[in-house]
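Labels A, B, C and D are assigned to the chains in the order they are written; within every chain, residues are numbered from 1.
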Amino acid sequence: MDKVRTPKNIFVQGAISPEKIATSIANHSTKTEIGGHSIFLGQVRADQKEKGEVVAIEYTAYEEMALQKAFEIREAVFAKYPLTCMHIYHSFGEVKVGEICLFVFTSSKHRKAAIEACSELVERIKAELPVWGKEILDSEEHVWKKNS
Amino acid sequence: MDKVRTPKNIFVQGAISPEKIATSIANHSTKTEIGGHSIFLGQVRADQKEKGEVVAIEYTAYEEMALQKAFEIREAVFAKYPLTCMHIYHSFGEVKVGEICLFVFTSSKHRKAAIEACSELVERIKAELPVWGKEILDSEEHVWKKNS
Amino acid sequence: MAEKLIIKAFGMVAEEIGQSEIWLDSVSNTQELLAILKERYPGLEGMKFSLAVDKELVSENQKIDGAREVALLPPFSGG
Amino acid sequence: MAEKLIIKAFGMVAEEIGQSEIWLDSVSNTQELLAILKERYPGLEGMKFSLAVDKELVSENQKIDGAREVALLPPFSGG
């Protein structure tokens, strides 16, 4: 089952639909060694800023570097946890308030590895991927998103 | 926003479909204070047992006690973490290998609370709910599932 | 006339005793109940299960006066 | 003839300098590059950003000999 993995595209134009998530889950029903899936979804929040309320986030990225970095993170997390599967999708372009902008999905035989790996991936994606969110306000002003 | 919560049904007949999960996610798009969702899914594994391979799990429960206990767990986790939403669904009856038997879904403003609460809920559900899984083997024998 | 007590059995305990409900004449405490059950169903000896009196788990011997049901709960294996 | 170096700007840095790509004549190291950029775009002074030379983040002053691109990266805010 050893295969050489290469960088995959993680970027999705616009919001990530619940249907895409359902399809991704359904695709794992043939992997009968899986006992647990852990999923994290980032959703765009209607935060109140000084100059207005957030209505959307527009994502840009240094795409080549982001894909290379996502690949390194992926390899490191696969090496650390006994996972069956791992999927990462991040929005590119505009995502409206209430829509999904990040989808991280890990699967393993036992729940612990899936849960811990998913949580670690989310932290690393936020800290290490060269991606930027521009928060568009209802006043048509904007502010640059800051990660905490 | 304080409301009195009462025990809800958590049991779903048979497998939990990916479409149900998608609908549940989509239902949160109007809750624009949410920034992160954490989801755990339990999937029935084709484990190899002494007398054959698992083909399905048949779940039974002490239903009234399970719903009361689920309610207590729910209240305790809501009190401990700043969550916007929490949903728990557990299968009842037969779930085939590769299908989903547990769906735990937490949402909060910031990711940390959603992730920690989801993980805690899964542990408590497995340890404290009076639910039993009978693993049906391809030899038509069965073994009683043991949680680790 | 003393009220009858319903004993609910689940999972491998129900399988062992061949039924999921047993009606008993009033029993004074859980220790006495266990003795009655193990005499009637010797297969329960050595089987691991907990008791819940009116849906509350009990750890030590407990009075059953006035209780309506006692459940025999093998180790949980949900999820 | 020395090869040209491409400077790629992102997020609030691109916004500040008004473009996402700048071509420069060969520059010997990142310190020199920063000095050139800050002179040309004074708004960069006091702005927080990192540099990546050929997609590798650099923390200290580093030679740029032979590099093809340097990226100006404000704090990441994906997710």
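A few points about this structure:
Criterion: a contact is a pair of C-beta atoms (placed from the backbone, for glycine too) under 8 Å apart; a residue touches a chain by one contact, two chains touch by 3 or more.
For clarity, every value in this text was computed on a predicted model and none was experimentally measured.
The chains in contact with subunit A and with subunit D alike: there are none. Minimum number of contact steps separating subunit B from subunit D: 2. Ranked by distance of CA centroids from subunit A, the top chain is C.
As a whole-number value, the distance joining the C-alpha centres of subunit B and subunit C reads 27 Å. Centroid to centroid, with C-alpha atoms defining each point, subunit A and subunit B lie 23 Å apart. Between the CA-based centres of subunit A and subunit C the separation comes to 49 Å, rounded to the whole angstrom. Between subunit C and subunit D, the centres computed from C-alpha atoms are 74 Å apart. Annotation for subunit B: residues touching 2 or more other chains are 42, 122.
None of the residues of subunit C touches two or more other chains.
Interchain contacts (touch definition given at top) occur between A-B, A-D, B-C. Touching subunit A in their complex are the following residues of subunit D: 8, 10-12, 52, 55, 71, 73-79.
Within the complex formed with subunit D, the subunit A residues making contact are 42, 59-62, 64-66, 68, 90, 101-102, 122, 125-134, 144-147.
Residues of subunit B that touch subunit A in their complex: 18-19, 21-23, 25-26, 28-46, 97-100, 107, 109-111, 114-115, 118-119, 122, 148.
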